[in-house]
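The following blocks contain the structures, represented as structure tokens.
Presented sequentially are two complexes of chain A, the first with chain B as partner and the second with chain C.
After this line comes the complex of A and B, so read on.
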């Protein structure tokens, strides 16, 4: 019941932003579909095959920054209202352990942004599968994995920046998040992160407990 | 437990500005205690410290027997807290906010909430952000009542409320207190509202100097006397017996906790030529100004 109640409030906060993000993500997928179809109409299939498999040119970079934009947008929708007029205090006064409360918030946000990333991944898979063999569709999703991880980092990074009461730490979190994200967008070809994606994912998981620190500092300011 | 709130040797400062130094007081259980003070004396700061949202520079505060900065969830359930400006989740509707809070409180009483908000004659789908200050105050108070807390801490409930909403707020609060076993710690700028509501008053002054006493005792002991003085006499000023002097009134007045006889004798020794005239009846607001000064 408590979780349902917490999720209700979070949903009320982000619902319009989430639908806008959904429209944005679906719009990009539609655009990607039309773009690839257009390329197959104006070029010989052999030429596109040559681009993709010989020159290793990525055909779906339109989707690259969308998870990051979505993640940051959802974090802002979720946590900016908590910071206005110090509404965060209302939540911290609820009879629930603060770690559980904040953990539930980010769980909800991570689920909702993860849902959009899942839609992107499934959409990308089937779009690529329309013209290419299944191996290429799987490869497309694996290639896009660091971008989806970038969405996760953008969500947690923006959350940290918004919740943190101390300006200097806020800047530090912003710098760390941008630095981490820049690592995730360095690829020039297919599946270049295959060997490090698990390590990077494990590092990104550190953002989850880190969220508890600003909440604790918010409560115990001098 | 005899005291719902215990403040012991509390000190706090913002940079070089000292807000309190060795502030100590307590709020007895089942009493309504008002914290009164002029703007900027640190009333809201004190509430923030009591609720653990601010770490004091020194001393300690206990709320329902627990250190205020370590309040457990179980104790937070027993405390109804009204934040300044009737802060709430105003993105929600009347119905949504009740549904949100309900599962958190084991003694939740929806009927108290709806009894109050139904008077607004608004649909339950009405958003709080589209309400006036007064309407929002009803929603917030309804939520606190529904929580059925043992201790209510109300920070400046009167902010933004017109006389009608203030009166309604106080009537409901009075009825709620009448149910028994309730402790209320309240701050307000509207001192006259406290006259029929509170058992004790705490006057907080700049630097953390306080005066705490039962309201009846304060009203009996704290007096205002007009005075006249000879042209050659010096104007009296505050000392160990004279609390305050106001010469800007139509008639110059002296405020004091001393009896008229004691004060007359004191004046004849220390301020010759100054003669007490009449006792001037005071409202609580007059007495508050007499005690803390106008400026």
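After this line comes the complex of A and C, so read on.
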């Protein structure tokens, strides 16, 4: 029951930002559709297929940083208000273990940003499928997986930075999050992360328990 | 509080992983130098191996032969006149008299060819969407062009129209010759079946390009490990069964069309033995390559009017085998390149931590998180880092071994752990 109330409170807090993020994500998908369509209008189909299959040109890099921007934005919507006037301290006095409370906040945020990434993935699949055989659509989604993971890392990284009370430590969290994000956008062609995405996802899971540290430090700060 | 401790340990671990990836990358960016890469050739003039190597910063090249004689750059180029034939022409040294034969510029040009094979080209290191355009090999025009369809190797050879992104364009009646992909699927699959091919296709090899001398089509492996060669000629399939010796099972084929039409590519078998595939007869010419490892070594064969020289190397060793025109070995040579000599920045990197995580494997397009051990020198680095960690904790007012997990992490990860500890010190809980 309490969990439901927490989720409801979080939803009320971020709903407008979430709808803005949804509009941004859908807007980029529409743009991607128009852009690929335009490519096929001005260039021969067999040449584009050659660029894509053989030269490994990615036609869908428009969406590359969108999950990351979305993730950081949702974290800001959720936790920037908590940082104003010590509201966070107030929340930590709710009759619920702090880990459960903070855990349910980030669970909610991760679900909501994951939902947008899922919309992106489905959109990407069907847009690519419009002009390419299924192999290329599957390949596009596999290629975009590290970008979607980047969305979650951005969400957890921004949450760490926002919840942390001490400025120097914030910089450390920012640095670690950027260092992780920088691993996820290095591709030169398709499916280069196929053999490493699971390991990277496992490493990214370390961000989840890490969120408890700034909450703990916030509560016990002097 | 336990969860806060777990939280901090996760962060320490995360920081160590990220340092293990990024600090060695920073080392590479700062200290990598083209220093020492050897260029090795067989000289048809001196009948020995000669090489060029960068020794120091700038352009301090050494031009030397196997016997240790040094040459000037011009002398060096004169020793491999078939490579520098344009300079020879400029310097008035053509036609060239060698072994009682005379070689003018046309003869040299006609006989020159280079074939290359790199690990990154092998199937397992190279993600490839399995859709391939089958070019018309008799285009009846000056240049090759891509067809408006690709084939999907599977239970048949299914052709897909690129204009309509469909195997059979929906608005077409069957049999409409404007978009005959259905017909192509039937014709080409049937031609393969008639030639004895057993579907499904298990591997497809070809060179997808229109910027090549001609089109040699594709080599396809069937589910009985038999090899077939397919081309599209005048719109119709032409299929040959390629007879392989019993001992040869295909691991990889690189098709490389050259205007000399002497060879059609490389065949790498599952024993990692490399063969040249002769043009038209498909005769396999096994190459005798001591020390060759296709997974780590780049290889090239330089053809000239007198010899075939195979040169292959990884980051440390370079090998060369000189052969006559019938691929009989004449001479061979190997050498550890100057770039393999350990350098101070590498030793410092190895001292700082027991391991590093390499994201990029130079021989693969796939990213990896390859764990590389830095060697025994890291033991000293790890102990040093641990002592510094103890001193640091003491300085911050903790009892020396009040944080055993932190100390253990530093001992296991060396300076990565120490930096992580300094950035994320324990709280006073």
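Throughout what follows, the second predicted complex is superposed on the first by the 222 of 222 C-alpha atoms of A that agree within 3 Å, B and C clash if a C-alpha of one lies under 4 Å from a C-alpha of the other, contacts with A are read in each partner's own complex, and residues count from 1 in each chain.
To be clear about the criterion, a contact is a pair of C-beta atoms (placed from the backbone, for glycine too) under 8 Å apart; a residue touches a chain by one contact, two chains touch by 3 or more.
Being a predicted model, the structure only gives us computed values, none of them experimental.
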Partners on chain A (chain B, chain C) - clash or fit: fit
Which superposed partner A:8 touches (first chain B, second chain C, both, neither): first
Which of chain B and chain C A:87 touches, first, second, both or neither: first
Vertex chain A angle, Cα centres of chain C and chain B, expressed to the nearest 10 degrees: 140
Partner chain in contact with A:220 - chain B first, chain C second, else both or neither: both
Contacts of A:57 with chain B and chain C, given as first, second, both or neither: neither
Contacts of A:170 with chain B and chain C, given as first, second, both or neither: neither
Chain A residues touched - chain C or chain B, whichever exceeds: C
Minimal inter-chain CA distance - chain C and chain B, angstrom: 9
Intersection of chain A interface sets (partners chain B, chain C): 220
Residues of chain A touching chain C in the complex: 44-50, 52-54, 99, 130-133, 135-136, 139, 169, 172, 176, 179-180, 182-183, 186-196, 199-200, 203, 206-213, 216-217, 220
Chain A - residues contacting chain B, complex: 1-2, 4-5, 8-9, 12-13, 81, 85-87, 89-90, 92-97, 219-222
Chain B - residues contacting chain A, complex: 51-55, 57, 69, 73-74, 76-77, 79, 81, 83, 85, 87-89, 91-92, 96, 99-105
Chain A-touching residues of chain C, taken from the complex the two chains share: 1, 3-4, 6-8, 10-11, 13-15, 17-18, 21-22, 127-133, 146-150, 152, 160, 162-163, 165, 208-209, 359, 365-369, 423-424, 427, 429
